[in-house]
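Below are two complexes that have chain A in common, paired first with chain B and then with chain C.
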Partner chain A sequence: MGILFFGGIFHGLLQSLGLSPLAGDADLTLENYRILIVSHDFWRSFFLTLRIALISTFLSASLAIFALYSLFLIRIRSNRDKSVYFQRCFQISMLFPYIVAAYMIFLMFVQSGWIARILFNMGFISGMNSFPIITHEPFGWSIILAYVWKTSPFIVLLLYPLILRVEDGWIEAARVLGAGNFPIFREIVFPMMTRPLETASFIVFAYTFGAFEVPFILGVTYPKVLSVYSYQMYSSGDLSGHPMAMAINIMVLFALLIAGAFYSITTGSYFHREDRS
Partner chain B sequence: MGLPYQGNAGGDMMNCKLLLIIILFLILSMAPGAVTGNEIDLLALPWEEIEAIASGQTVHMYMWGGNNGTNNFIDQWIAPRLKERYHISLERVPVTDIREMIIKILTEKQMGKSTGSADILWINGENFRLAMEKGLLWAPFTFILPNYMRYVDPSADDLNMDFGKATEGYEAPWGKAQFVMICNSEFVPIPPDTMEELAEFIMENPGRFTYPSPPDFTGSCFIRQVILAKTSGPGNHSSKEGSEDAPGRRSEAWNFLNDLKPCLWRQGRTYPETVGILDQLYSNGEVWFTMNYNPLHAFNKISQGSFPESSRTFLFRNGTFSNTHYLTIPFNAKSKAGALVAIDLFLSPEGQFEKLKPHVWGDGIVLDPSRMDPEQRRILEDIGSGPSSLSPEILAMKRIPEFSSQEIESIEKEWLEEVGKK
Partner chain C sequence: MKRSTDMAVLSLFIFFLLLSFLPIIFMILLSISGGWPWPDILPSSFNARSWKYVLDIHSGTWTSVWTSLKIAFWATFIDLALALPAGNALGRYEFPLKGFLETLLMLPILVPPVVILMGLHRTFISLGITETFFGVVLAHVVPTLPYMIRALTVSFGKLGFEWEEQARVLGAGWLSRLFNVILPFLMPGMIAGSALTILISMSQYIITLMMGGGQVITLTMRMFPYINGGDQVTGAAYAVLFSMIALILLIFMDLSLNRLYREKRL
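For the complex of A and B:
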């Protein structure tokens, strides 16, 4: 597995540097990177991708915290088993592949989609055209929607065991001291969660920054997110686009490495912390 | 001192020569040429012997697997007959893009791997060009296929030229596709006859038309139809005149498409990424037109219940692009004899008629009806379709050969700059 993974990256790196086994000629060059860095299209794609990934991560984490708070309420008001059951329900969207999620969002939210038809038939909107444009628009709302729907259960899944670790005695002690549900969550549960939440959010960010299917189905013709832009280069007629496509992929990887370094610096040395779940 | 030295020198020379001969022999026996030599002999054998060699072989056919009709035709019609008549097992290997397989074979060639995984490839256009340029195809083989020799018109340019590249017998034509437009007759009672009429309709009914953005194959073809309408009159076009549509002359087409923009779906700010998305918008009633490279697409979609019954197929007066798709054998195929026998069955009249049936696949035939006997011609005429489709005669009258694949690529890139980004 490791060999395939790193071998693939290495091969991509070589290709992006002009050492393509397929093209036959081998000149070590940074020309592909130079073209990208001065290219307006590349930076438009880059910032679009960054914006979509950041907003998705933020919304996904927020929604996950809200879900966790709800699970926490169920946990302290009724019982453990019930909250486990609800937690399972939250995970339903994890069963679907991303491409299915994207297609479902498309079917539901396109101007002539299910939701628009339901609203139209119920008389809430006067015509399909008055339904807001959610899919295939330059901001990428539908892409964000698909990512949030898919990734927030993932964060819940990672953080939920912490809720089970909260012991009844702590809650009773807090109540005796006069704390309500929300202060208990804020003061006891949430501090336990911050570190795993940061990790989970970083995973979500890294995924949404590099993923392909959702923006391919729900994105606009121009500008495209980096993965789709790279795919477009790669799949163009002859093989001449391959090195450039690989250069884009390496740039994506590079951006994620920088983000990863930034993440580990700002959060301190991760492996020595004791509050990992 | 001199003599022994000379003697030694003579001995060394002898040894050198011997070594050279051995090395040469080794090189010759290792060179792919030697292997190919044996297989070219296969093509010198009488057909019965090829059939005998093919018996018991397993043939791996790599093909785009995205069409159920095509897949079922191969699994349920071709494969059982190959097994029964020739004891050949046909394994269909679906791929999402045959380009991946071409690149795999290219890698196999560079690594010197003389036995590959594929025996038959389903290709055309730029993939064929790439495979030819890199020397990935086996040999000219069509002349040995009995059905090819009997039923295919050897001088038909739409078969011999694959997107502007001469096939030279390295691939056998299998079927034909043609670009068609589809509209919902409930909203579009009279289908437009020309690009100008279409533009007029779009201007009068804003928001009801769009086309997939390249590199989607169908969207790219619509753009070529626009270029055709704008740069040359009817009948002026030939795929062999490669530089006919010099970039400067395309500007009129880009102006036309840009002028249409405000009246397109989403004011032309974005385009459907694939023809599948366009079909979905059409099914939903959000747009009134769609398009396809399969003339029976509307018929099939109506049968599946996803298109409205009122869907109609139409063409432009000056014709629509058509292309041929082919079967070929890679240089390192393991079961070349089996592949030849299978391809011959694909070209048999019964195999061609079966795949023409709308409920099977609806793919056009490559055989020349004038070479068939009357009984076969009668069967051919009986294969019809519903009111949503056009007859094969009308389609044939309006057929235009495709641009060359390099030209298509440059058009796609230019569209993105001149239209897509604006």
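For the complex of A and C:
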């Protein structure tokens, strides 16, 4: 399996350097990378991908924290079972694969979609043309929406057990000391969640940075996100596109590596070690 | 003051919950709609055309569902075979570079599977396993294995050595230890890991397309043309069908987990 995994990356690296094990030519060259680095299209793709991933991660984590606070309120105001039940409901989008999520977001938010119809009937907009274009537009709003819908339940899923672990006694004690619900959450629950939240956000970032399906369905022809850009180069039918596609892939890995290093430095250790408890 | 802000927060939360259910309700309505002119909020007429087509034996839906399940099953099987020893090592033993190895085995969660498989594609071609069932199964192992390893590492961590030791002291043979001590501890992790594997495997599109070369038709592959600019009503029916299958599988897994917890009182 390790061979499968690293073999894939290694082969990609070789091909991107102009060494093709099958074609037999062996000119070690950085030409593909040079072309990429001076290419305007590449950087547009790169920043589009980065922007989508960062905004999605930020919104997804914010929504998740809000949901966790609400679940916490439900837990302390009524009972544990009810909070578990609401948590389950919040997981609903995890049943749908990303391509279906993308399709749903498209149908809801296209100019003639359900949201536009509802707003029109409530009198907020005067026609479908006054609903903003958020699907198939160059900023990628619909891609972000699909990612947030899919990934914030994932973050909640990872962090929710911590809410259940808060003991009633702690809350009682804080109450006696005069703390309201929000200060209790901020001072007791949130500090327990920061490390797993960082890990979960990093997973979401890495996923949204490299994922293919959603932008493939909801994106525009230009600029494309990196994974779609790379895949279309790879499948263009012309073998000469392969090394370039691999070079893009290696750049994606490189970017994720830098993001990972940044993550490790800011959080102070390896990922995945803290969520064991 | 506290009460009213709490209420505001909870109302907003309920609003978000409803919002996240909205696309699903919409999808179900769309799948049974006959016509739906702007700006109606509900379809003007209903019919079962798309469902008749999707569920028809000749449309290939059921063959593709079967292919999806078979691939998911084999991927789960391979995952288990690889993750049991890995989970055992990571969950119960201490060795140098353990943290490093753990991070390494988790990497496929962070590295896009497309990147890995695009690099492997040519190797797979030269091995002659592209466009085959087996090739697709192997491709699905890449994104799912880390989750299985994760689940089993936690289970093995809970098992430790003491329980087995105690059973041995009490005179239990290895077979009896396996069935009465080890498996009950590992079952929850195995079920959770399998559930995730099946869900992830069934959702894959691009790696199935790349490794299967369009020859291995899973439900996702069957659905894709309708979703990507095809007939919207049929696409909606496929989307609803897919989520129902996923839901049934999850409920089944959940029930067996609950039964296990009750029986073994873990």
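Keep this in mind: the second predicted complex is superposed on the first by the 257 of 277 C-alpha atoms of A that agree within 3 Å, B and C clash if a C-alpha of one lies under 4 Å from a C-alpha of the other, contacts with A are read in each partner's own complex, and residues count from 1 in each chain.
Criterion: a residue touches a chain if its C-beta (ideal position, glycine included) is under 8 Å from a C-beta of that chain, and two chains touch if they have at least 3 such contacts.
The shown structure was predicted, so the numbers you read here are calculated from the model rather than taken from an experiment.
*Asks:* Touch check for A:I188: first (chain B), second (chain C), both, or neither?
*Replies:* neither
*Asks:* What is the contact status of A:P138 with respect to chain B (first) and chain C (second): first, second, both, or neither?
*Replies:* The answer is first: A:P138 touches chain B but not chain C.
*Asks:* Considering only touches as defined above, state whether A:Q232 meets chain B (first), chain C (second), both or neither.
*Replies:* So A:Q232 only meets chain B here.
*Asks:* When the two structures are laid over each other on chain A, which of chain B and chain C touches more residues of chain A?
*Replies:* Comparing touch counts on chain A for chain B and chain C gives C.
*Asks:* So, does A:Y222 touch the first partner chain B, the second partner chain C, both, or neither?
*Replies:* In the superposition, A:Y222 touches chain B alone.
*Asks:* By the touch definition at the top of the document, which applies to A:M128: first (chain B), second (chain C), both, or neither?
*Replies:* After superposing on A, A:M128 lies in contact with both chain B and chain C.
*Asks:* If you stack the two complexes on chain A, which partner ends up touching A:S112: first (chain B), second (chain C), both, or neither?
*Replies:* A:S112: touches chain B and chain C.
*Asks:* Using the superposition on chain A described above, determine whether A:Q15 touches chain B (first), chain C (second), both, or neither.
*Replies:* The second partner, chain C, only.
*Asks:* Do chain B and chain C land on any of the same chain A residues, and which?
*Replies:* 21-22, 107, 112, 128, 216-217
*Asks:* Which part of chain A faces chain C closely enough to touch in the complex?
*Replies:* Per the stated touch rule, the residues are 1-2, 4-5, 7-13, 15, 20-22, 63, 66-67, 69-71, 73-74, 77, 86, 89-90, 92-100, 102-105, 107-108, 112, 114, 116-118, 120-121, 128, 149, 153, 180-182, 202-203, 206-207, 209-213, 216-217, 227, 230-231, 234, 242, 245-246, 249, 252-253, 256, 260, 270-273, 276.
*Asks:* What residues of chain B sit close enough to touch chain A in their complex?
*Replies:* 97, 99, 103, 106-107, 110, 126, 130, 207, 213, 215, 266, 269-273, 277, 280-281, 284-286, 405-406, 408-409, 412-413, 416, 420-421
*Asks:* Under the definition above, what is the set of chain C residues touching chain A in their complex?
*Replies:* 2, 5-6, 9-10, 12-13, 16-17, 20-24, 26-27, 30, 38-41, 82, 99-100, 102-104, 106-112, 114-120, 122-123, 126, 138, 141-142, 145, 154, 157, 199, 202-206, 220, 223-224, 227-228, 232, 235-236, 239, 242-243, 246-247, 250
*Asks:* Give the list of chain A residues in touch with chain B in this complex.
*Replies:* Going through chain A, the ones touching chain B are 21-22, 41, 106-107, 110-113, 128-129, 133, 136-138, 216-217, 219-222, 232, 235-239.
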